[in-house]
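Here chain A shows up in two complexes: once beside chain B, once beside chain C.
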Partner chain A sequence: MTPQPIILPGWSLAGGLLLLLLMGGASSWGIRRLVRGARQRRKGEPDWSLPQLDGATAGDSPIHRWEVRCKLVGMLGFAFLVVSLQDLRTAAVAGAITLSLLFVTRLPFDRSLARLLAMSGFLGMFLLVMPFSAPAHPGDTLIQFGNLESLPWNLRGLHKAATICLKACAVALLMEPLLATAPLTRTLQGLRRLGVPAAIGQMLLLAHRYSYVFKHEAWRMASGMRLRGFQPGSNRRALGAFGNFLGMLFVRSFERTERVYDAMQARGYRDRFPEPEPQPATAKDLLLAGFFLLLGVALLLADRCYFSTF
Partner chain B sequence: MHDLNRPAPLPNPSDALFALRGLSYAYPGDIQALRDINLAIAPGDRLGLVGHNGSGKTTLVKQLCGLLQPQRGEAFYKGEKLRGDHLQRARLEIGLLFQDPDDQLFCHSLIEDVAFGPRNQGLPAATAEVAARRALEQVELLDHAYKAPHALSYGQKKRAALAGLLAMRPEVLILDEPTANLDPRQECLFLDLLRDYSGTLIVISHDLLFLYELCDRALVLDTGRIHHDYGMRELVAHRPSLREHGLDFSFRFAGNEKDPSPRDNPAPAAMPESSATPASSTPLIELGGYHFSYPDGTAALKGIDLRIHSTERVALVGENGAGKSTLLACLLGIHRGKGFYRYDGQEMDNRRRKQLWNRVGLVFQDCADQLFCPSVFDEVAFGPRQRGYTEMEVERRVAKALRQVRLEGFEPRVPLKLSGGERKRLALAGVLALDPEVLILDEPTAGLDPQGEELLLQILREVKATLLLVSHDMFFVRKLTERTLVMHRGSILRDYPTASFLDDSDLASLNGLDYTYRDRCAIEIRQIQHEHEHEHLHKHLHEHQHRHGDLLHSHPHEHEHEHRHRFRHSHDEEGGHSHPPQREFHDHPHPGHEDEPHDHEH
Partner chain C sequence: MHISDGVLPTTVALGSYALSAVIAAWSLKRTRPEALPKVAVVTATFFVASLIHIPFGPTSVHLLLPGLVGALLGASGFIAILVGLLLQSLLFQFGGLTALGANALMMGLPALACGFFFHRFKGKTAKRQMLVGGLCGGLGTMLAALLLACLLTTGGEDFFGVAKLALAAHVPVIIIETIVTALTVSFLSRVKPELLQAPFQTRRKMP
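This part shows the complex of A and B:
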């Protein structure tokens, strides 16, 4: 039997949407300010003659010292278990755990905030759409705006959306302690030692390095077009110019890949990047990995056995 | 110090380090890059590889490193063909510096990158790190060891790429345009390192002033063939060869360096002593207390005060990273800083900033950044079409701009396939087609051969717009501008007439604008190129009617005699003169010589 909806006046939908938009805009603006402020507070060149992870104030946490293979298994395992959660409360606990990791590692919070900000538009759509699209089950709380009978707002949909958002935030927050507590080369070495093909690690390394060059090249070309009057648009001329821009960017990138490969070969590259000395895994590292996996399993059990009975 | 883990150098049973025999190579599409190359390079040779853009220089060095395999002929290194295991071993002894340092810095941090080669040589991580640190110290980048390559300036990247090679202690160092776009201080650092380098050195460059002291042998390539294999002094002394291969940089000596000839446009009449800025009238560009910081907090411009009047020609100089490009980006409205910016007396707001492209044009340092159309015509027509001109007007403007840059007839060609000099002129045409009030040129001579530079100079002298020139090339600054702004760490340090700038002896200590090496080489080369008619006894091959007793005949023959001639030469203190060896055969009038008795072998 379909539950009876609570009826609110029609204008309250428009008001609610407007309020939501304003809140979204304000929080996005606030996060941007926070990120910019944090970056400006950090201004002044760090001492680049020292390894940045060890030289930074935050470089000496248990997560930093964790052997990279164990860290990958522990944290990625935990992340997979977190995305399997179905209840808002367990997802909130997972979020709190990953947030506490940021404090333990003392990593700059602005990078995680920027990551969350990048996801916010996508997650905001979930919060907005899912309450309207979730099918009504017996016992659901429904709200009907004016005469819009066919578009009831379902509280269970909001719960679902919030759970998804919390899980996404928890995993996104986990990425910073996972990736920023060891040099990229060491993390990729860990992946290879876990059995991921070496070519994938090399592709990731080169993609990371050349994403900056590509971005800079694209920016310079876009500036070159703008300085000759290019106005983005959907007319034939603008689309043609945009096509030329993409084509040229592709040609330049393709030519660069050939030159980079030549440069690697000229310095003795033989299908394998040199790696740092392998880090041995200690019993402590294994225990920590086991602890994270157990934590994930405990959350999942609580989610399925305890909270599902409520 | 000797690294026991490093592989022992390959033995060399032959005299030559490199030997190329009948080597030819063509790129796909039947583009013949090298034809029948025969070349021997001995250990310790210091070779300058010169020639037009597209003459095959880069292809040749790729053959030397085994990055390309010959399609015909053979390439030997230390007596063995460059293939298989020998090639792999050879690569660990040959260092190749690419033109674009971004191609060569592919690791996550500088120290990892510099240690890449030593690790491939078999050094353990700790030893490779020591080698990398030593190399970074040599290029003065040790304090940037853990910085990511993308966060370095262009000059730093170039030095880091060189460190990557030095860390491998190569027996051969091959450099492709090592000093293009470098400021004099960084150029000096390269020079010092390369002078101290004891192995075999091969340098591709259009910059004969840079090569002059560094190399003792010059190989001139033309359309894939070796045209000359001279001593470097011989080459710079032989102007016809230089002219033939687009290398004649003698136009730079047309005026006296220390007494600069004024540029074609006269300087403003009432020029104050302290500044070259005319005092009256509304400036075309005016910046006041202008600051700009990048999002990461780096302050790039600090309190810039600048006024540029219509038709002024201004040079902007300073070391790499001084803030010149950032200032240009602000003037063009790409970046927005704090402080006031007025254009033609009007405060710059968002609407005016968007329309700035109609009045200010920029030719980028790397012209590939502004060439994206499928044909030369479309490229030049891009701007006028954006303005909404009729197709007839577009065609008129394209024709005019191409005529201005001497590219008539290039309309259907593909920009990507043009030579470096042609692309630079095409980029300029794309801007000139919009008739800008202000023309900004960012390092216009970067990567151009001397012939291309000379042509560009002629073109720029004809341009009537207000000019803002960013360059490390003092010759262009002298010839094209009447006022110079010296930038240092985001501020304008000096603003004075170009003549005063060129006489300023403080510049070396001020911000590294030290041109001593170039000036010294230029003076020496001018002395070498010195020529006037003189005569003395000398022996050479010539052909004319001559008599042996009763026999009268003609054939090439050699004997010593005196006649007047014009050779590049130098004078010594005793009044004598000397010149490098000349061509074996040369002809000249022989009044009465035919009847003199000739005694030579037939």
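This part shows the complex of A and C:
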């Protein structure tokens, strides 16, 4: 048995979609302004900037002082518990908790905003499509617009999509307190001591460092192409130029790996980088990690026991 | 398109973490240990290349490059993709940290398949390498889109509509990727053909 839809006039769908588009456009424009306001960009020039991963290590807060292994276990455990939530209200509480962490750590907001903006396209797809595509179950609230009978709008789908968005935002807001409060080398050392193979951490460190180098290289090659009158487009000539551009980037990078590796060996590299002195984990660190895990478990229990009506 | 946090059921997220850990261990074993820093430096290039947007009609697409990673790195490609995706997730939030395993499977398995395909059929002539390279580029993106759709549908029938839209959104990427990969491979086979031999492997050739 499918539930009887509530019928709204057809223009409300068009109006609603228009409003949604306008709101989405305005908020993404606003965030973009906030994030890039300081940086002047020349028109038509692609944005080559790479953000700084561990930009705010100088701060002083309980999160900054937290031992890195306990921080990783506590926050990643919390993240996995948060993504298991199924209700809008508990997901909103999780989002509020991670947002409050930003205030505790006094980290700048622009990086977190940029993270939310990066997900907006993918999550917007869910918000737009899921209310229409969720099949009707008994007990659902359906809204039908005018005489568009084949396209009912399911509130359960909207609830699900909104929950996904809130969970994604909650975990994304957790990333800055997790990564920016300690130098990258220390975070990777923590991961290694937790059992992640040392090779992964070293490769990440090298790839991170060299992505700045190759970004610069690509930028120089792109300015050269622009100087010679290159017009980006999807015609045969422009794609040919893109293919040669990529090929040249790879040739240069493979040649550079040899030089980099020789230089590393000459400086005494023996399959590992020097690491900072390992921090000991105190009882306070363990307690804080336990607190985060308990918080996550409490959220999950509340989600499954009290809010399982949807 | 990268899967963000909170989309996949937790069992799927954890299961794909376990599976990609197993494949990454195999990939590490197939790479010569002294070559790991070199793979890392090449990973940085792929990372930068995937930031480049190519205009397509009213929008623009960015390259995914699983086919090219597979063709150039062979079995080391999986570990390169894992590190590249981790970097993208940490720097830009393209793909969530809890969905990293799923994203690595989505891009890494096509790369391994394309690496095998390329080294099996690449032949000797530049023309054939260009053709097979282009096929690899298209095939890699297509497989990645299919895996993405499969992963999304693990959430239940509510996700079918989103999975279909994600598949459709990849069609322009597949076209661009096929052409650009073919041209890049043809450039490499003219300029530096030894790069198309999977240089960091323990054995010279893929089985």
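Here, the second predicted complex is superposed on the first by the 285 of 310 C-alpha atoms of A that agree within 3 Å, B and C clash if a C-alpha of one lies under 4 Å from a C-alpha of the other, contacts with A are read in each partner's own complex, and residues count from 1 in each chain.
Definition applied: contacts are C-beta pairs under 8 Å (C-beta built on N, C-alpha and C of every residue); 3 or more make two chains touch, one makes a residue touch a chain.
Bear in mind that the values here come from a model prediction, so they are computed numbers and not experimental data.
In the superposition on chain A, A:R237 contacts chain B only, with no contact to chain C. Residue contacts after overlaying the shared chain place A:R270 against chain B, while chain C stays out of touching range.
Look at A:S150: by the touch rule set out above, it reaches neither chain B nor chain C.
Of the two partner chains, chain B is the only one that A:D262 touches; chain C does not reach it.
When the shared chain is aligned, chain C comes close enough to touch A:P197, but chain B does not. By the document's definition of touching, of the two partners only chain B reaches A:T185; chain C does not. Shared-chain residue A:M225: touches chain B; no touch with chain C. Of the two partner chains placed by superposition, chain B and chain C are both touched by A:L50. After superposition on the shared chain, chain A has more residues touched by C, the comparison being chain B against chain C. Once chain A of one complex is fitted onto chain A of the other, the partner contacts of A:F132 are limited to chain C, with no touch recorded for chain B. In the superposition on chain A, the residues of chain A touched by chain B in one structure and by chain C in the other are 48, 50-51, 205-206, 208-210, 213, 217, 244, 247-248, 251, 256, 260, 264, 269.
Those residues of chain A that touch chain B in the shared complex are 36, 39-40, 42-44, 47-52, 55, 183-185, 205-206, 208-210, 212-213, 216-217, 220-221, 223-231, 237, 241, 244-245, 247-248, 251-252, 256, 259-260, 262-270, 273-274, 276-277. Residue ranges of chain A in contact with chain C, taken from their complex: 46, 48, 50-51, 53, 76, 79-80, 82-84, 91, 114-116, 118-119, 122-123, 125-126, 129-130, 132-135, 156-157, 160, 163-168, 170-172, 175, 179, 197, 199-200, 202-211, 213-215, 217-218, 232-234, 239-240, 242-244, 246-251, 253-254, 256-258, 260-261, 264, 269, 271.
Residue ranges on chain C touching chain A, taken from their complex, read 1-8, 10, 13-14, 24-25, 28, 33-34, 36-45, 47-49, 51-57, 63, 68, 72, 79, 82-84, 86-87, 90-94, 96-98, 157-162, 165-166, 176, 179-188, 191-192, 195, 199.
Interface residues of chain B, counted against chain A in their complex, comprise 62, 65, 67, 88, 91-92, 94-96, 98, 100, 102-109, 112, 115-117, 119-121, 124-126, 128, 142-150, 164-165, 168, 295-298, 329, 332, 334, 357-358, 360-362, 364, 366, 368-374, 382-383, 385-387, 416, 430-431, 434.
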